[in-house]
Each structure stands twice: as structure tokens, then as C-alpha cells.
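Remarks on the structure that follows.
Just so it is clear, A, B, C, D and E label the chains in written order, and each chain counts residues from 1 on its own.
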Amino acid sequence: MESLGSIISYVVIALAIVICSILAVTTRKILRAATYLLFALFATAAVYFKLDYEFLGGVQIAVYAGGIVVLVVFAILLTPHPGDNSERLASRSRRLGLLAGLAAFAAGAYSLVTRCELLAKAPEMSNPDMDTIGTALLGTGNGQYLLPFEAVSVLLLACIIGGVVVARKR
Amino acid sequence: MELNALYYLIPSLIMFACGVYGFITRRNMIAMLISLELMLNSVDMNFVVFNRFLFPNQMEGMFFTLFAIAIAAAETALAIAIVVNVYRANNDIDVRDICKMKF
Amino acid sequence: METSAILILAIPLLMFLFLGLAGKYLPHKWAGILGTCGMGVTMVLAYTVAFEYFFSGNSFFINEAGDRLQHVVFNHDWLNFYDKLTIRLGFLLDPISAMMLVVITTISFMVHLYSNGYMRDHHGVWETGFQRFYAFLSLFSFSMLGLVVATNIFQMYIFWELVGASSYLLIGFYYTKPSAVSASKKAFIVTRFADLGFLIGILVLSFYVGLYSEGNITDAFTFTSLTSVPVDGLTDTFSVSEGTAQVIRDLFQNSAAPMFMGASVLTWALVLIFMGGMGKSAMMPLHIWLPDAMEGPTPVSALIHAATMVVAGVYLVARLFPLYLMAPAALDIITVVGAITALYAAMVACAQIDIKRVLAFSTISQIAFMMVSLGVTRLDHSVALGHEVHEGLGYMASMFHLFTHAMFKALLFLGAGALIHAIGSNDYTAMHGLRKYMPITHITFLIGCLAIAGIIPFAGFFSKDEILTACFGHSTVWAIWMAVVAGLTAFYMFRLYFLIFWWKEHKVHDEHHAPHDQPWTMTLPLVILAVVSIFAGFVPFGSLVTWNGHPITGSGFLTNLENLNWSVAALSLIIAIVGIMVAMKMYKKENELPAKMRNALPRLWDWCHHRFYWDELYMFITHRIIFGLVCRPIAWFDRHIIDGTMDAFAAVTNKVSYAIRGFQSGNVHMYVWCYLAGAVLLAVITMICVL
Amino acid sequence: MDYSQFLFMKQEIALLVVFLLVFFYDTFASKKALNALSGITCVLFGIYTVASFLPCVTGANATAFSGMYETSPIIAMIKNVLNVGVLIVLIQSVNWANNESTSVRRGEFYELLLVTLFGMYLMISARHFLLFIIGLESASLPLAAMVAFDKKRYESHEASIKYILTAVFSSAILMMGLSFVYGLSGSLYFSQVGGAIAAASSPMLICALAFVIAGVGFKLSLVPFHLWTADVYQGAPTPVTSYLSVISKGSAAFAFLVIMVQCFSAVYAQAWEWMLYALIILTITVGNLFAIRQRNMKRFLAFSSVSQAGYIMLGIIAMNAMGLAAMVYYILVYVFSNLAAFGVIQAIENNTGKVDMDDYRGLSKTNPKLSFAMMLAMFSLAGIPPFAGFFSKFFIFTSAINQGSIAIYVLVLIALINTIISLYYYLLVVKAMYISDEKPAIETFKSSFTDRLGLIVTVAGIILLGVVSVVYNHILTLAEHSSLF
Amino acid sequence: MLFDNILIYFVLIPMLMLAGVALCRNIKQIRAVAVVGSTALIALSVYLVADFLKAPVETAVDGMYHYSSWKWFTAQGLNINLTVGVDGVSVAMLLLSSIILFTGSFASWTIAQPKAFFLWLILLSIGVFGFFITIDLFAMFMFYEVALIPMYLLIGVWGSGNKNYSAMKLTLMLMGGSAFLMLGLIGIYYHSSADGHYTWNLLEIARNNAISTGWQYFLFPMTFVGFGVLGAMFPFHTWSPDGHASAPTAVSMLHAGVLMKLGGYGCFRVAMYLMPEAANDLAWIFLILTGISVVYGAFSACVQTDLKYINAYSSVSHCGLVLFAILMLNTTAMTGAVMQMLSHGLMTALFFALIGMIYGRTHTRDITKMGGMMKIMPYLAVCYVIAGMASLGLPGLSGFVAEMTIFVGSFQQGMADYLAGGGSLRLVFTIIACCSIVITAVYILRVVGKLLFGPVQDKHHLELTDATWWERLSTATLIVCVAAIGCFPNFFEHLIRGTFNPELFRAIAMNF
């Protein structure tokens, strides 16, 4: 039996996720959409914290909420008429979008619901400490991620170069 | 009431579905990127939830999420660069106008 | 002997090749002389061979009982199908082939000689393609000789086709003339159609024989194996035997499928083979090509379409006669076909204007006589008007008539050629009263007419008399029928004769030379053939040519007279004379009688004149039905349905390609939507299928 | 912490060394010296390509990082195949890279190219989904920048935005699929995933499979995940298009095979065999149907490459060494054939700026050698003997039928019937060049040394790769000894 | 060693010719290379025939002489060898091909763009020769396709009329056939052995005899139709009229003369040889189709007005007869089929050569617009008549012996079937096929009558010239060959019959 506080916090987080997501894709003001995204990301971070992945929650707030959303906002400001209303959607396009979203949801939900392990009781939470995380990030053994770490650095470098190329005037 | 994995997964899926909906309906390319972030974020959450509820003894899901955040950042950065570039060239960020090449 | 035999075939063939390939570079005259000499040598050789066969008394050719034997001079494998089915090329010497050798070489030589004169105009200018003409004549002679000496049925078929082809080439000799071209085409196609039956007949016959036979029947194609037994102690020598034919009949009867559609398979096979004969010998209803074939040069008509090739059908039946004896139904069919054809052709001949057409129908009619004669032959003893008839008399009569007919019909054709050459037209309307201008032609033509009408002592009398006797021996109805035809024969021949040489005086226009007899190259053959036509009737055929080699008469010069069945002879003579009289009455002097007759029976005249509209019927069948209802629809079907389907595949592909281009709309939303739809559908469908 | 494991990654490291050398040269060399950059890159990469064929590089079967990374001779082989392709692309792009508008960015072009190649290496060698995703992203994200290289052409911008949007969407879907895989198996190591996924299939597994296939199918441009292909190929600069069409596709195909074989082979017959059939039929057919109508050569080849991807997929069906070898060989031949075609297109585009099929009319009269090379490329793509394409098609069909069911016969029959449609449109090009009687639209010109070099190499490959059986025999032997199955 | 085997030279010589032509600078050199090369090929094939006739039986492997096998793609699982070997039929076909190539070179003496033309032509002939010498399914298929594709360019570039359409249609339809074929061949491979050691080698497959009847029912139609398309089997023949009509002379000659034979050859060499049960059980389907081909082609030919169309439909009919006879599964009929291949090859090449020569002069192929050619160009006209006579089966020329052998064999088989209670299908269709000899006569004589005889239709034609020496050489060679077969059939029959020995050819043995 969960504690009441846990349930309440869960309800709040879940509602925040759902509502912010919906608003983020339905609002016609682009800056508001960015803001709702930010809240949705915060709510996600809250889930991480709630599930005892504190490091991850931190990263989520720092990189995602802090970095990406800021990037998006900059982009919005660089492109025309920030905050303007976008055009009203054609109903056909909305129907198609709705169909796609619902289909994706239905397929996913059906797959998840039919898997009984997911209904099991929540296990004991244990927060991985920084030592373990650090070792795993730079180790070569099973469950350790030195190679992806190095690889992602190459990826980031490539994206930097790509970004530079794209952004350069000439 | 027991908070099992589904309680977390379903909101995550809703987030994903919203992302899909937004990606398909929004005409502003930046709004599309926002939708994309929702989708990626939902994926991250899935990993974390699976890791926590089903395989609590290891950290694969968590690390995947960690790297996925990095990848998402890279993706977004590059995508935004391109969007801005297209805007500069075209003075328009409505994705429906970018369809000269077809059939 | 073998050398002569080979040479008989080789000389004409080489002559053909030489004249065909090098003729262009030879002077016309030399080509003619060369061809004629070649044929002359062949003739001499053929005579020696025939003479040796008939009169040397060699044990290869005649046994002690006086029966004439079949001797295979040489026989080489040509194409092997099965153990018992091998085509061989050989040289079979027996009474009929020896007789045919004589006929063919004689007529051929006469025609070769004659053509030297005929194939150039009055100013001595050679006909275009003169060398080609001689080459084709040689080719024809070669093929015809090969046909008659065939040792097996397939060799016969081979040369059968070859004579057809050479006939085609010769009919179409004047190839710039559309009528000649279409006549040659018609001749070839009609006979080809008949050959189809021949071929299938051969196939049926050889299948049964090849499958079931044993013992003496070593080869299903070879004549000697089908109709004869080997003579003990002599290689390559056989004697015709009813027994072998009976074995084959039994073999058909004991086979797994002896009957087909109510008749025995043997009958079917023989009737089909006879169909080939019908084509070549222009029996109804396959006769239509022969009158048109008169488009060819007249010597060709004399050689091919009167004397030799057209009797190939008769020869074919005679060749397989022991087998036909085993299938009386087939013989009955032959009789009926022959009789109807004979009457039909005779009637039509009465109403023709073109003299060559008259002769052509006369030929058809006479060949029909030979057919009927074969058809009525049975081995049981019978009686004709009180006299006993020899077994197999019809066969002998048929061959006899073949022989005499060849002579006098060639004579008539060559005479007609002389007339045409002199007048420049085929119609008797352009002739009339030529007797004074062309005496030799006149006399020889008259001899020919008398011979064909069957006036004693001309050749036709004897042979026709034997035929009628044979008919009486079998069936009085057919005998009377044939007698009527004989009367008609006399009538139309003398109608022709009077219309050409009498009727009214010939008017010569000032600017023209008067018609006159032709150079010696043309008259000499006429004279020779006339002489032969007078005396050929006295050849003792009964002792020379019989169905099984067993002589039925003596061999003296007057045998034929002695053995005459006088009651039949009297009947036929009376009928012939009546026919001649009527003709004389109607046509000797210009008068109104013919016109009156025509007006009295307009329908009959029209039908006869238009040959009972057979040509029109064939035209209808070929053009309207074969071309109009088969070929054209098939061609249309091919272009539009079959080919259309193939094109439709391409068109549909293109259409589909165009129809689905909307997916590639250029809109990223659409792309993504399709992407997601694809992924979800993939999952959903698999879930539905798997779970 | 055994860092010596990096030594297993000889090719990756060597490639990074090349990358760094190019990077530093580009960064620090004087402006004048920069003109030599193209040549230097080609030479460096050429040396690396040749060296990587050495046995000491191809080495033996080995795994590193606790099974996160795997190398084996056949894996080294596919990388070598890609290397050869990249080398040809590099040679062919020299002219383009040195022209006025691109020369300012050519250093970045080479760097991005090499990094994406590195990403593909990772895709191929990865035995862990995280590494795989990183490889996939580094193989596709920088490509977006490369697609946007022609700043003066509008199409280039349009192509890049279409590419990046669909690419990120697809990677989101792929990652969703991976999260399901993780949820099912609790691991991201291929070997452990393969072990954990029992034969029984659940909706979640099917969903995961569909999403993973869609994600990788995007790179392979399988229908219906292919819609970006045509626009991007058309809009991108031609060297990038040729790179996209062969190298990127080849690596994705191999990675796809590895994933399916190692992770999901247990549920092959139950779950994804039919998915694969459906996708193959769709891919081949739709690709062909679209290709029929195309007039732009690059767009035309885009659809042609879509249908070729379908044929490549046939190599997976057999799930054995023969199929693997046939696939690698197919990719090799495809590299040569397609690059020959793109080589001609590039030569013509660089000299005249024309890329329409209609402009190719009568080309054989003005530029016989170019048209000859183009014709051989078309024949090879269409699978006409004695050119290499015939052999690769034959082998891939043979390997597919090895599976033996009636369904596979039907599938192969459909594929074969599609080869007729493909023959039709390939012949259209030949027809334009050789048969059309109209006045040639393209003047005679002399193509540059590098263009010619590239064409000579590719044409030689087209002619020799098939008939000379050593190549295929070698690949098959390597495949036999691989530990994939 | 590769070069120890004489057969390899059939491919090697054309390859050298290819190289030679590529190096040539002017048309004279090209002609020289073509003539020398094709003469060498004729010499080689004549030598092969002589050698074949006196070769002791022991040297043959399952009836195949000069048998050799070299490894090619032989890594595990894909046992592809290059295996060569010839029997009487292949020898005859090689002879035919080299003769046609020789005459074809002369027929294209003055062709435009000679270099490219001869390159493609020789490439085509490599395919043809390769196909006939190999007995390995893969190699056969490869050479088969090699022979097909040059047609596209040869017709497209050097053709006339609606050449784009025709070339495309021909290529696509033939390739469509080969798509089925490929599937069939691969299927055969995977059932070639019971123990998993699969092989592409024809002889080994036949020896293993491992293809189950059920699979044969599937694979037999695939291979038969695949080859049958090239053999112009109804209803897959429509490429033939258009293709032939548009093709240049030498290409028509080679295509109708040799290439279409690949179809018939493949049908018995692969489909019937390897799958006897299916060949026996399914023959009826194809008998009906080919039987239809025979009369259908002939009837269609009757109303065409384009010379090449007439001849193309005639080829449909004659080639239909080839397949028809093969399906009789009877030694004699099959021997006849091969003789018909030879005969039709030579005769139709002669036809196309003549049509090309006439067309080259008159610039029309419409028979209603021509006439009296006998007067204008007697040599060509005479040759045409001879070709026509050969086609309608005049004894002494090749058509007769071939057709008669077929008819006799088929009829025997048909009657045997009928008597054994096996139905009368074969019998009925044999008789229907026999009817084609009449229809053939109709259309041949129609053409001869309209084209060669009769009055001259167009005054301008009177100025035309007769054949040149190279044209004479080309046609005379063919006529001599046609006559040689027609006059000495036993020689060829002897050559061919061995292949259809029931001991070697199981399908025949099973049929008895």
C-alpha cells in the first residue's frame, strides 16, 4: 500500500505531465508551447526524483529543461513573429494527427497492458550513488559505458561541426 | 492502491501520443521540434520506469536515458540550426510551404 | 541394270541443276538441245530397262509360272524414324513402274522436243526464261520418275510433293500474269490439302503395321513389305501376294482399336491415302485446280496435267491395290468418287470455250474412268453381259487406259498447243475451219479424238472397253453410268474437233499470215504420238501388267482383239458413234442448233459452263470463311487481345504509378504520418495474425 | 578497466586518426595549402582503405567491452566495402568540393563524411543498443548538415529540413521500440536480448519489433518509411546523394541484419518473417512504380535505390551465412554500380548543370564514354549479365530461396517480376542516351581526371566483380566463419 | 586446364573478336575481323561435328562429350561450377549458330556504326555459344541472359519502324520469361539432391533424380514457360512479330535463327531432362498451348501484309512445332524437333536476310506495294522462292525432313497413347499440327505470288539492282545448308538421336 503522500504526489505529477503535454501541442501560441514543454520536462524530472534517480533528475533539469528549452526559445525569437498565433488547423489535418496519436497510444498501451509483470508491486527503491554512476560511465565491463561515452563525444563533435556548417552564412 | 509501473507508463505514453499529434499537426517547425521533445522525453521516462520496476538491480535504463538526453540535445541543436538556416533562406518556417519537390 | 536405274533418275536431276544454275549463261538454243538430249538419253535408258523387265525372262523379273515379279534395283536408307519405319530412296521395278517409266520418258521427251518450237514466237524470239523452263521440265521428269519407281510409300510421298512443286513452278511459268500466279497457287494449295490426307493416311497405316507386324513385314513403309512376299532364293525380289495384304488386314482387325467412327481403321487409312490421290488426280471435289492449271504453257499441260502427274493418284491406288482389296468400302468410295467425277467433268467439258479447258475436263473425266476401273475390281469371278470377267481385270484396264490415255491426251494437248501457237488464242471462237491451213495438226488431232472417243482400232477403244467390261462385271448401274460418260466423251471431243477445224471457214485478216503448221520440232511429236495412239491399243497389257503379275491374256499382237468382250465393245462403240454423230450434226456446219439447245436448257448450260460453281464455292470457303472468319479474327485477336494484354500490363503499371504518386506529396507531415501508420499497421496486423 | 580493448577497434581508430588529421589540416593549414585538402583526404583515406584490407586489421572474431562491440572478418569486410565506396565518393567529389561555392566548406564536408562513416562503423559493430543508437545518430545527424551543403540551391534547404525532421521522428520511434525491448528483456546487450526473448511472442514484442524495424527501415528507406528518400536525394548535393544512397544504406542493411539475427531470431517465424515479406514486396514494388515516372536523374536513382533496398533485404530471409554473404556482396556490387551512375551524373552536372533524363538524349553521340559507363551501370543495376549486378541478384535470390517455403518462392517471384519493371526504367536511360534521335542537349566536354578515375574504377568493378569469382567466394568464406549465427 | 577443352574456344573466339572489333579503326578491318572470326567458328564447329561422330562412346559422360568442369563460385552452399559438355544436339546447334553468325556478318556488310553494331552482335553470339556449350544451370542462365540484352540496343539503335516500342517490348517480355526461369532454376538447385549437396550440374541433377513430383509440378512450368517465351509459345509470342519487324537484318537472322532456338533447347535440356515426371504429367497443358501456336501462328501469318510480320508469325508456328514435338516425349519426335530447330534456324535466317535485302532496296516491306521482284532482282527472288519452299516443307530441303520426323514421331506417340488408354490429346493435336502444312503453303505462296510474281507495282522498283556479292555469299551459304539437311537427313538424325536415348533421357523412358 502506497503512502497517501506518494499517491498525491503521483497524481499531481501525472496530471502535470498529461495536461502540459496536451497544452504544449494544442496551444496556438508558440512561446506558450515552449513553456508548457518546460513544465512537462519538469514533471518528468519529478518522476525521476520520485523513482529515486536523483542524478538523472538533475541532468533532466539541467540539460533538458535548462538547455534545450532555452535553445528552443532562442530559436523562436530568431524566427518570425514570436508569440503570434499560429493558423487554425484544418480539420483534416487535425483528424489525421489525432488518428496517428491515438493509434500510437493504443498500440503502445495494448502492448503494455497485456504484460503482466508491469502490474507487479513496486520493488524497493535504491538511489544509485555517484560512485557507481561514475564507475559505470567510465568502465569497460558489463553494464559499464566507456565506449558509448566516447562515441557520444564524437557525435556531439559532429553535431557541432554540422551546426557550424549550417549556421555559417557562406 | 499500489503504484505499479503502468501508472507511470500510461502518462508517458500519453505524452508520446501528444508528441506524435503535435508533430503531425503543427505547421511551425519549431513547434514540431517541441513535439519531438515530448516524444523523446516519453521514451526516456519509459526506460527509467522499466529499469526501476522490472530490473531494479542494474542501471541500463538509466544510462540509456542519460545518453538519450545528450542525443536529444544534439538532435535539437542541429535541427534548430537547420530550421533557422531554412528560415534565413526562405523567410518562412511553415513546414507545409516546404514542398517544392514531390511526386 | 542398277547403273541404268540410277542414270534414269540422275540425268534429269543433273540437268535440272545444270540448267537451273548455269542456264542463264547458256544460249537459249543450246539449253533446249541439251535438255532434249538429256531426256532422250533418259528415254532410251528407260526403254532398255522396261524392255529388259518385260521381255528378258530374267528370273528376277518373271518366275517360272510366268508371273511377273517385283524387283528392287537399289534401296538406300534416307531417314530412319523407327525400327520398322525407315524412309528409303530406291528403285522398284515391277509391271506398273516399268510401264510408267516408258510413259513418262516418252511423253517427256516429246514435250522437250516440242517445246523447242513452242517456246518461241513466230519470229523465232525465245520465250523469257526458256532455260528455266527446261530446268523445270527436267525437275518434273526427275520427280515423276522418282515417284513411280518408289520402293516405299514415303518415297512416293516425297516425290509426290516434288512433282507438286514442279507443277507449281511450271503453271506459274508466266509469272507476270496474275492469272497464272493464282492458278499455280491454287494448284499447289489444293493438292497440298489433299496431301494432308495422304500424310495422315500414311501415318495411320504405318503405325498399325509398324506396331503389330512381324515376320515378313519388316518395314511399314515399303511396298514390297506391305503387299508382297519375298521370292525364295532371290534377293530383292518379291511377288505380289494377297496373303500379305490379308495379314495386314488381320493385323488391323486384331489391333487394340480396329474401328474408328464406324469404319475399320484400315479403310480410313486407305481412304485418306486415296484423298492424296484425289488431289493429284483432280477427283471431285478437289478437281478445281486442274482447269486453272491450263494457265501454264501448253507443253506443260500435256506432260503434267494430262499424261503423267495427274495419273499419280491412280498409280498410288494401283500401287497399294492389294491393300485396297482388303477394304472393299474404300474401293466403293473410289468407285463413287470416280463415277461422279467422270460424269461431272464430261458435262462441264461440253460447255467450255477454252480448248485447253475442254481437254482439262476431259482429262479429269478419263482419270475418273481409271479410278472407277480400279474401284470396281474384285477378285471374285464375275460375269459381264454373258462373258466371264477375269479377276483383276479392272486393274489391268485401268493401267491400260492410263497408258493409252497418256499417249492420246498428250497428243491432243500438243495439238492444241500447236493451234494456240498458230492462232494466239485459247478459244475455239478464234479458230474454226483450220483443217486446210494446218493439215498435220488436223489429222493428228482427229486421231487423238477418235482414240479418246473409243473408236476401234484406236488405242482408247481397247482400254475403255476393258474398263466398261470390268464395270459390268461389278455392277450394271455403274457400267451404264460410265457408258453414258463414254458417249459424252465422244460428244464433247468431237464438238471440240468440229468447232476447231470445221464450223465455218477461217477468215484471215490481210495483215496477218495465214495460220500454218508448225516447225518440225512441234509436228514430229504430234506424228509420233498419233502413230502410238493408233497402235497402242494392241499392246497385250493383260500379259504385261496385272495386279499380281499373273498374266490374264496371251501376249500376241492381236490378243486384245481376241479377248474382246464383244457385247460390251458393241455397246461402247455404238454409244461413241452416237456421240460423234450428234456432235457432227450440231457443230460441223455453222448452224443455230447449239444456240437452240443452250436456250432450251439455260440452267444446265450455265451450270456446266460455270463448272457447277465449284470455284465460287471454294472462293467462298477460302476467302470468306478461312480468311474472313478464321485468319482475320485470329490476327485481330492476336493484335488486340493477346498483345493488348501484354500492353495492358504496361499500361496498368503506368496507371498505378501515376495513381499512387500522391503519397509522395512533398509534405513532411504526410511523410511522418505514413511512417507512423506503416509502423503501427505493421504491429497491428502482425498482432492480429499471430495472436 | 581494461583500456587495451580499444585495440580491437582498429578500423574505428584508424578512421578517427584520418578524421583528426583532416580536421587539423583544415583548421591549421594556410589558405593556400587548403587547396590540397581534397587530394590529401583522398590519399589519406586511400591509404587507410588499402591498409584495412590487411589481415592484421581484419583479424579474427573478437568481442570487446563485455560484448558491447564485436569485430570479425566479415564485419571488417563490410566496413572495407564501405571504405571502398567512400573512397570512390571522395574521388568523385573532388571536383565539386573544389568549386567556388563549396570550397569554403570542404573541410567540414570531409570531416562530416568521416564522422558519419564512423557512426556507421559503430552501427555495424555495436552489440549494445545504446552504442547502436549513438552510431545511428552520428551516421544520420551530420548527414542533415551535409544535405544542406549547397546553400545557393533552394532544394538543398528543403531536403535538409525534410531529412532532419523525419530522421528525428524516426529516431524517436526507434527509441520507443528500444524501450519496449528493454522492458521485455531487461538488457540492451544483443546477446542478452536474444537470450531473454523467448520463442513466444507478446504484443509488446511485436510492437517493439515494428518500431525497431521502422526505425532502421528509415535508414534503409524501406517502404513506407522511405518517403524522405526521393526529396533528399534530389535536393542534396550529388556527392552527398551518392554517399547517402550507397554507404548509408549498406551499413544500415548490415546492422539491420545483425540486430534481427542476434536479438530476434527466436521469434523469426512467428513474428517478423511476414513483416519482412510485406516490407520487401512493398519496397520493391513501390520503389519501382515511382521510379518509372521520374525525369530527374537523381530522383530517379533515389527510387531505384528504394527498390534495391528491397532486394538487399532478401539477404536477411535466409538467416544464414549464405544470405549474409549475398547481402554483403550485393552491397559491394551496388556500391560500384550506383557510384558509376552517380559518377556520370556528377560529371555532367558539374560540367553542364543538367540532371534531367531528357537532357541525356543523344548523349552517346557527344560523350560516348560517359554514356557507356552509364549504360553499364544501368545494366548492372538491372541485373544483366555478365555485369556484376546479375551475380549479386542471382546470389541474393538463391540465398533467399534457401529458406524453402512456398511463400518465399512467391516472394521471390514477385521480386523477379519487379526486376522487369526495373529493367524498363533502367533501359529508359539507355534509350535516352543511345536510341533517341533528337539533337543532343549536352555538348561534348572533357571530364576531369578525378571523374574519370572514379568512373574507371567503378566500371572495372562492374565488369570484374561478378565474373571473377574470388570476391564472392572470399566473402562467403568469411561469412561462414562469422559468429553471427 | 581451361584451354585444353575445345569447347571453351567457342566463347574465346568471339571474345577475341570482341577485342578485335574494339581495336578496329575502319569498317574494312571490322569486316575482316567478323569474317575471319566467324569462319574460324564454322571451322571449329565442323571439326567438332567430325570429332563427335568418331569419338568413342566411352569418352562421354552421360552422353556428353568433351565434358569438363571448373570450379567457379564454390564456397559452401553455392556449388556453382562452369561445366561444359556437348552432345549431338549441342553440336548441331553450335554448327547452326556459327553458320548464322557467318552469314549475318555478310548480311550486315554495310551497316551504319559498324563498330558498335558488331560489338553487340558478337556479345550476343557469346551468349548463344556459351549457352550451348554449358551444362551447368547457372552458366546456362547467365549466357542465356547475355544473349538477350544486346537485342535491345541492336533493335533500338539499328532498327526501323516502331523500334523503341518493339525493342522495349521484346526485351521486357523475354526478361519476364527469364524471371520465371530464374525462379525455376534456383528451385531445381534446392531440390537437386537428397542429401543436401546441391548442384547446378545438369548431369548430376539428373543422376540424383531427387526432385519430388510435387516440386516438379511447380518447377516444370516455371522453367518451361521461361524458356517457352523465347521459343515464342502462345500466348507469350507477341514480342516476336514486333521485335522481328523492327530489327535490322542480321539481328533478325540471329534472333529468329539462333536465339529462338535457345528456348526450345532449354525446354528439353533443362525442363524435360531434369523433371521427367512433371514432363509426362503436365505435357498436356503445354501441348495444347504449343499446338495452338502452330496453327495460330500460321493463320495469323495468312493475313499480314508486312513481310517481316509474316515471317515472324511463321516463326511462331514453326517454333511452336519445335516445342510441340519436344513435348511428345518420344525419341523420334524430339529428334525431329531438333532438326526443325536447325531447319527453321537456317531457313528463317535466309528469309530475314532476303527481306532485309529487299527492304534495303525498296524501302518498304508491304507486300501490297511490291510485285514482280522476280523480274527486278531475280537472284533474290529465286532465293526467296527456295526459302519459301523450304518453309512449306518441300522434300529435298530441310523443312520437310524435320516436319516429317516430327509428325511421324508425334503420331506414333499419339496413337500409342490412345491405344494405351492415355487419351487422344496428342493424337488430335498431331493432326491439327499436320494441318499447318497446308496453311503454311497458303501464306508462303501468297507472299511469293504477291511479292515476286505478278506485275511490277512501282515503276521506281525497275531501277533496283540485284544482289551484291556479299549478299549472294550470305544467302547461298544458307541455301546450301538448307539443301544439305534436306538431302542428307540421316546424317543429322544420326547426330541428334543419341541425345534422346531413353536410357539417358528419363522422361522418354517413363513415357513408354
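For this structure, a couple of remarks:
Here, contacts are C-beta pairs under 8 Å (C-beta built on N, C-alpha and C of every residue); 3 or more make two chains touch, one makes a residue touch a chain.
Keep in mind that what you see is a predicted model, and the values were worked out from it rather than measured.
Here E is the chain whose Cα centre lies closest to the centre of all protein Cα atoms.
Between the chains A-B lie more C-beta contact pairs than between any other two chains. Using the average of C-alpha coordinates as each chain's centre, A ends up farthest from chain C.
Distance between chain D and chain E, defined via averaged C-alpha coordinates, is recorded as 42 Å.
Computed from the mean C-alpha positions, the centre of chain B lies at a distance of 27 Å from the centre of chain D. Between chain A and chain C the centroid-to-centroid distance comes to 103 Å (mean Cα coordinates, whole Å). The distance from the centre of chain B to the centre of chain C, each centre being the mean of the chain's C-alpha atoms, comes to 97 Å.
Looking at chain D, residues 130, 134, 137, 141, 144-145, 148, 151, 160-162, 165, 169, 176, 180, 183, 203, 206-207, 230-231, 293, 424 sit in touch with two or more other chains.
Shared interface positions of chain E, defined as residues touching 2 or more other chains, are 172. In chain A, the residues that reach two or more other chains under the touch definition are 93, 96-97, 100, 104, 107-108, 110-112, 118, 143, 145, 148, 152, 155, 159, 162-163, 166. Counting only pairs that meet the touch rule, the chains in contact are A-B, A-C, A-D, B-C, B-D, C-D, C-E, D-E.
Those residues of chain A lying in contact with chain C across their complex are 93, 96-97, 100, 103-104, 107, 110-111.
Within the complex formed with chain B, the chain C residues making contact are 661, 664-669, 672-673, 676. The touching residues of chain C, counted against chain D in their complex, run 650, 653-654, 656-658, 660-661, 663-664, 666, 668, 670-672, 674-680, 682-683, 685-687, 689-691. Contacts from chain A toward chain B in the complex involve residues 1-2, 6-7, 10, 13-14, 17-18, 21-22, 24-26, 30, 33-34, 37, 40-41, 44, 47-48, 51-53, 56, 59-60, 63-64, 67-68, 71-72, 74-76, 78-80, 86-87, 89, 93-94, 96-98, 100-102, 104-105, 108-109, 112-113, 117-126, 128, 132-133, 136-137, 143, 145, 148, 152, 155-156, 159, 162-163, 166-167. Those residues of chain D that touch chain E in the shared complex are 320-322, 325, 379, 384-386, 390-391, 394-395, 397-399, 401-402, 404, 409, 412-413, 416-417, 419-420, 423-424, 427, 430-431, 434-435, 469, 472-473, 476-477, 480.
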